[in-house]
Amino acid sequence: MFATILELRLVQATLFKNVLEAISDLFSKANFDFSGTGLELQAMDTSHVALVALLLRAEAFNHYLCDRDLSMGLNLADMAKAFRCANNDDIITIKAEEDWSDTVTFTFESPEDGEISIFDFDFVGTNGVPLEIPEFPESEYQAKVRMPSAKFMRICKKLSSFGDSGDRDTVVIISVDKECVNFFTRGKTGTSTIVCRQTQTVDKPKEPTLIEMKEQVSLAFDLRYMNSFSKGSTLSDQVTISLSSNLPAVFEYKIAETGYIRYYMLPRIEEDEMQRITKEDKMQNEVDEMQN
Amino acid sequence: MFATILELRLVQATLFKNVLEAISDLFSKANFDFSGTGLELQAMDTSHVALVALLLRAEAFNHYLCDRDLSMGLNLADMAKAFRCANNDDIITIKAEEDWSDTVTFTFESPEDGEISIFDFDFVGTNGVPLEIPEFPESEYQAKVRMPSAKFMRICKKLSSFGDSGDRDTVVIISVDKECVNFFTRGKTGTSTIVCRQTQTVDKPKEPTLIEMKEQVSLAFDLRYMNSFSKGSTLSDQVTISLSSNLPAVFEYKIAETGYIRYYMLPRIEEDEMQRITKEDKMQNEVDEMQN
Amino acid sequence: MFATILELRLVQATLFKNVLEAISDLFSKANFDFSGTGLELQAMDTSHVALVALLLRAEAFNHYLCDRDLSMGLNLADMAKAFRCANNDDIITIKAEEDWSDTVTFTFESPEDGEISIFDFDFVGTNGVPLEIPEFPESEYQAKVRMPSAKFMRICKKLSSFGDSGDRDTVVIISVDKECVNFFTRGKTGTSTIVCRQTQTVDKPKEPTLIEMKEQVSLAFDLRYMNSFSKGSTLSDQVTISLSSNLPAVFEYKIAETGYIRYYMLPRIEEDEMQRITKEDKMQNEVDEMQN
């Protein structure tokens, strides 16, 4: 027998299930890096527009043994399928052995009826991931919005159901000013603007929408990416969106004191979009008017 | 700024949501006529078999301002999408401004969290609508059936799940005699007849099935239209079906004292259908027998 | 009028609904044999891999009149559609008349609102069914597993969601030894093994998994058939799987003292599968290890 070099245990499958649901539809493969401090996962989408970085510290696990640094590429689609089979309260064990270097074993054990499901995943290549993701200092971003993650998901769904750009991806323009963040898209015969005002400190302390703005910013994004990112809502009640015209946008979900999931996405900068922004400014006037 | 020439408000989005669900899958565009007395909507399906006429009197709205008569064509698919995003208790405002003659603005405001969604719809052409729909005097119809709208919807669903005419539309034959209305269709290897007997005054006063018959009538219709019409059940507990061999059938849902929605549909008169009717008569005998 | 030669009544449509759901997706036509003792149904799937045999004794019905032995082929897809329209508490009547030899009539009557649906099904040919199914003596089978039918269905679903054999049908290997039954399949980049251990008599008397093994057995089956069979779980809480390398496997669901439904299926014996079994043995070692 070979020596076990990696053995992790989670007494509730939920966390890992949610992580996989939050990344597997956009990213087909990911790099998993296990070290003494925890698990880091990185993946890039096939069109190189978006990137996800996940950190789960060793403390997130009920048992964490990692004898040496291990890096492996895994197919997320297959893993997501396996995890969909798991019950939320299954006990998960992740295990790799020395010299059996091409697979990792995930075991789900039902505490109820003792049923065991064993999945052996082969390693796959990961197209240039891991990448060096520079830490972008918070001070460099023109605007930051923190809002309930469920609200952000609902907005993405609304925009998706209305937006229609024919063959092209539907584009959303996010505009931030001091008092509100607006999401704008275009349907076949009309336009939609969703206006979220900053929460006044008094009225809803639990689920605030907070805006930190240094400069007004208005950026265009592909809606389908935002839709995928919004699934991070199962991992955190709040999402923080950092925007700057010259940097990739960051959508961050903190995972209860033990890590985070961060989605990075390049804004679209096209003339066509700029024209839309202009149109959108007209909308903004209308909004301002309504509020007065 | 331009003067507001139209401003309507509904404190509950439900009514409008239901109206759009009831018409948008069959009719792609509609003509909206706003006047001092209320909103009239007319649409014809692309194959010119069915027509819908809606009336919502001014009193149906919580606020109704209409300075001059306005007529606009709107794309119902886009509107339905927008309304699907609205919560049932959203406050809707419909607004048009003088000299900004090519769009109308629908605003949904959530009373809970103050989130505002603004939709601007462009005007579209409407292929010959509005039409002159003659008022057909009640006395001209051979038979009238009033029945619970939920029951009518359930019957349409049953017939749809069973009916199968291959590439052609599934045909339903509605036959009315003094005591019952029958719905007949044909599957691949069999036939289905649904028999609804007139309610005896005593047993179920709340949801009666009532038949007024001057002459026995048996007419063939396209099931997919009936299926669409049956969505009117969200607007009224009762549907009234008026049938005559020489007139378009009318399926009418009253909207609580403030209006109605009426679907008009031409019956199919084909030799093939007549043969089916014959077959159906055989069925009828069988039914009669069962009841005796 | 013709004399009634067959008249059956069930005061609850549920039983028949469940029977049709359990067979209609795999078997398109079936032979129905009515006799004094009850209804026997037989069907073979189009690829001649699987066979179903159902017995419903006369006592299963609330009323059972059968004047002479009757054999008829019926289209199950049409019947399943008809039954999907029926409510669970509808009263079903099945009726055939002398000299009207080409159809059978199913009538559903709602006890609530008296709505009646009448279905007339034409007889169809049944491709060589009924067949002589030999009674395989229990003693000939190498292994027998009795397990909760819901558990078997869940396992089939798990395997389906993970398994992926591209264009070919997904293959499952069932292996039985004294203490556990394992279900093994292969995804795109990994493998899955579900391990069900025999229940210890003490811990869960209500839903036991029991294994009777004379010889270790490991057989390959098409998953899609197993998936269809597993729908029998609506008819019985337990399923019994009988396996032998030289006999068709039997999946049997008893219907509360009044009959049974038995699915027969040929195992796949291919070199390719044998290689998988080898792989699977490696898995088995792993499982053994886990359990020690």
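By letter and in written order, the chains are A, B and C; residue numbering begins at 1 in each of them.
We take it that contacts are C-beta pairs under 8 Å (C-beta built on N, C-alpha and C of every residue); 3 or more make two chains touch, one makes a residue touch a chain.
Remember, predicted model here, so these are calculated numbers, not experimental data.
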Subject >> Chain groups still in contact once chain B is set aside, others held in place >> reply: one piece
**OP:** Count the residue numbers both chain A and chain C use at their shared interface, divide by all numbers used there, and answer same if that is over half, different if under half.
**Re:** different
Subject >> Between chain A and chain C, centroid-to-centroid distance (C-alpha), Å >> reply: 43
**OP:** Specify, in ascending order, the residues of chain B that touch 2 or more different other chains.
**Re:** none
Original post:
Which positions of chain A touch chain B when the two form their complex?
Top reply: 151, 157-158, 161-162, 164, 187-197, 204, 283, 286-287, 289-290
Original post:
How about chain B: which of its residues touch chain A in the complex?
Top reply: 1, 74-75, 77-78, 81-82, 84-85, 103, 105, 107, 113-122, 124
